[in-house]
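Heads up, the next two complexes both have chain A, just with different partners, chain B and then chain C.
Then we have the complex of A and B:
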């Protein structure tokens, strides 16, 4: 945007889109805010009344809230770790020339096109089921006791399922970034006496920094609201072992019919998400400027 | 300390033979320039020497030691790439330090060499900048600095100046030549710039389709080109090549005469011609003269300003002593 004129024109042109987005956000946000201050239970219609901060007090003092908060952090962090590390490794692998490269790349991307509900069901019934699952069969074939993933390690299992879905995304972005690395830089480093591992550490990884930032930012936004995978596999259980914030809000408003409490939870989630967003932007956003 | 010998080195990419078996010796401390038309295999040859490509067959020796299967880092050579290949996320200082860091040199030795290189290359004020904040010439100097600090047995340059503007190129040319005089290290330099080749080289290697056409000092190549290809390739503007009846008079299939060896006169001479385009360079003037029966217009050099204009009739006389004669195979007739 070189000239003042161009800047003004640009603002003018994007204003309809911005206004639309703003409206789209403001209306549900204000309604949620409004509901969060009401005593509003679906089982007692017409009894709504203003209750101040009661909903918030109940939500924040509920022991399930802290469990859900921890689970959310573990889920987001775990999936990010698996997808970023795994994505880098897969990208490095796919960047090598090998036979059938095109097809393998498409196969790697495939999980991304599977709906979360479907993939979670497939994992639950075909892989992790302690009686019929593939893992159970494998364990039995090896003479081991089948492991009941979803009840013994529910959160870890969900992290696995969600990672499986997001790994292709990370791989794809990181692979493109890797391919944009100037080969002469790598050759220069090779001549400078850097073995592969140092070339990776000093040349490739810094080059990937920006792509990794993008992966983390985008995934965090989506991972904070993981829901379908939990609903179809563990229902947040056992107890609250795999309940995240999104799922807790769902339970509050639609299983306990407490719309007011659910809305308060929603507002808390929005605030937390924004804290995370600001934190992320500050911490790694500078990577995007460079 | 930097004698490089290529012994029947051959390189193929798939079925395509890019470099047919080739022998070449580069003496210690020599400044060797590879020239040739685009796609003739100059870069490939340089990369073979660097170890960035594997030879298909043959042997490369560096200081009598067989280096054919050595990895690039072990050959003790430093390369300056056409794109500079600086590490964009590292400061100039870190870029220059990188090879020493990889070699595990002590920090104070690193600092000492960085200071020395920065001083020699006028980079002292830029050490803490990133490559993105430098001009083309400065980036080039950083790339050279990164090569110098390794104290290599030989430097390899692949068209290092082709991304620079004309004025900067002249400056950098001098700097590299001076560097060579000062360090007295073997340098192999790839270019397709005539002037760079002529001014910098101790020895020019003219390549065509992977073949060595001629090896020799710039003046040797200029004065006694071994064949028509070298005759036409070395020298700017190009040598005039004439074939047909006029060549037969001299007992050759093709004769060549350089623009400065043609006399031009408005009164009398051997060939009568008409002046076409003229290029005035101030110190020299080049005329393109069309002579009946000689095919292509001839280029003639006249010293200083000569008041001849488009369409004038002139007479050209070649200087017999400086006539180059070539036979049917294109080889020089002594």
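Then we have the complex of A and C:
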């Protein structure tokens, strides 16, 4: 049992981390909340005044907000669908015995380490460009019309780019979970004549359920904040076709200098992220007891 | 693996797995290849694969035109600095929580984690204004502070899960032998904690190196790390594929290598111990 002396020392050692994070949370958060009730534009200094919920009313009734919310849901949902389904399939494949497992694993996880601005620009210019991109070359070789991905299907293209970045994450976690599966259970089922699909559905998938939930929750937290990929590919356009909430708030605050409106948007974004966060925290908390 | 698999099936799996692995890796491979081409060869139709005139010219041009080295050093300083600072703050905290758990330790850990769930855009405005007023915009020190704070919960969590695995009896034995807190930490704990700390450092450098929200929003020309520097290629320079590729290759190479070494710890660090 810890002595009183040790407990005092422990509290002393924890406090810098706690105080810093507390400051990092409370100071900017209360500022965001405060600004969100003000009419405050950086281009009109000295004109700040309290306006109640006006910023929220403008932000929430702006057609751009509805578009951004839809895009955010489509972006998060699309990437989750691709990465979770793809991740399960890839994990199942990489779990099989084959030659060069280590190397293939390294190839598959590589995209996760590529910085977002690099992957977005490489895809945008070297693959999706309608004149010089590899996809355009391939289309021409097949006698097809090159497709202008980022103008004709901006959101889908961004979903593709982001999925490429996150597929390794899902694969790696699902593979780790799959490898902890009790092999004897699978063998027993196999000997009892259960076909592969049944073994997958009744043994592997339930075993993976927890890991899948973790992947979905953690990715959602990060995917709600996709920013760099949009900034360097489409700038949210054409129109608002590829603007997500993060990008909309960025535009409002730092491009239109509307501090009040941007802050109201920030509060909305925080509330949305918290809904996801509550579920994630519960899962991790449960694990902490085990 | 107790199950025996026929060689034939193993061969089929091998071909299939390699094909998919190469397909996923292809954009990176293509970027690396393109960085050694001339601009004309980079956009050649049909594409040239290996039989082109290999040149290092792009690397030299990128450095000459934009002082690439400066941005590279910004990335090194920002990711290294924030990791070091984070470690100094997190090691004592994680040590205390792992070895002197109190009633509320779990709550503190969960609360720390919850700060990570805060969407950065929610505090973009106040941070931007605070930085402007404090003269921290476009400075390395400003970014070191922000990245330390956003990654601190991950560092504390990772260290905590590693420290947790060190048996407490050893520390008690040292204490019985009259070791002071100081010597307990230096001579008993540190040697056992080094592997866990190394992977924490590695993962954190990767995360800080690739961070692309704050680095893009809080820097201009001076303190811009590679994430922001590469973003400046979005137009029209990005159409010079060979130079874009050279700049990109240099930006991702160090982290790609580090990442491959840390793949096991990645799972643990990014899932906060929920999947091991």
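Please note the rule applied: the second predicted complex is superposed on the first by the 255 of 290 C-alpha atoms of A that agree within 3 Å, B and C clash if a C-alpha of one lies under 4 Å from a C-alpha of the other, contacts with A are read in each partner's own complex, and residues count from 1 in each chain.
Quick note on the criterion: contacts are C-beta pairs under 8 Å (C-beta built on N, C-alpha and C of every residue); 3 or more make two chains touch, one makes a residue touch a chain.
Keep in mind that this is a model prediction, so the values were computed, not measured.
Superposition of the two complexes onto chain A shows chain B and chain C fitting side by side, with no clash. With chain A used for the fit, chain A forms the apex of an angle whose arms reach the C-alpha centres of chain B and chain C; rounded to a multiple of 10, it measures 80°. Residue contacts after overlaying the shared chain place A:241 against neither chain B nor chain C. The larger set of touched chain A residues comes from C, when the choice is between chain B and chain C. Contacts of A:96 after superposition on the shared chain: chain C is touched, whereas chain B is not. By the document's definition of touching, neither partner reaches A:73: not chain B, not chain C. In the overlay built on the shared chain, the residue A:194 is in contact with chain B alone; chain C does not reach it. By the touch criterion defined above, A:203 reaches chain B but does not reach chain C.
Look at A:185: by the touch rule set out above, it reaches chain B but stays clear of chain C. With the two structures overlaid on their shared chain A, chain B and chain C come no closer than 6 Å at the level of C-alpha atoms. According to the touch criterion, the shared surface of chain A, contacted by chain B in one complex and chain C in the other, consists of residues 184, 187. Touching chain A in their complex are the following residues of chain C: 1-3, 5, 10-11, 13-14, 16-18, 20-22, 24-25, 27-28, 30-31, 34, 43, 45-47, 89-90, 92-93, 95-97, 99-100, 102, 106, 108-110, 112-130, 149, 152-153, 156, 181, 206, 209-210, 212-213, 216-217, 226-228, 230-231, 233-234, 238-239, 241, 244-245, 248, 251-252, 255-256, 258-260, 263, 266-267, 270-276. Residues 182, 184-185, 187-195, 198, 202-203, 206-207, 209, 290 of chain A are the ones touching chain B in the complex. Interface residues of chain B, counted against chain A in their complex, comprise 50-52, 71-73, 77-79, 81-83, 85-89, 98-99, 102-103, 146, 150. The part of chain A that touches chain C in the complex is made up of residues 2, 6-7, 9-11, 13-14, 16-18, 20-21, 24-25, 27-29, 31-32, 35, 90, 93-94, 96-101, 103-119, 121-127, 129, 132, 134, 137, 140-141, 164, 167-169, 172-173, 176-177, 180, 183-184, 187, 210-211, 214, 218, 221, 224-225, 227-228, 231-233, 245-246, 249-250, 253-254, 259, 262-263, 265-267, 269-270, 272-274, 276-277, 280-281, 283-285, 287-288.
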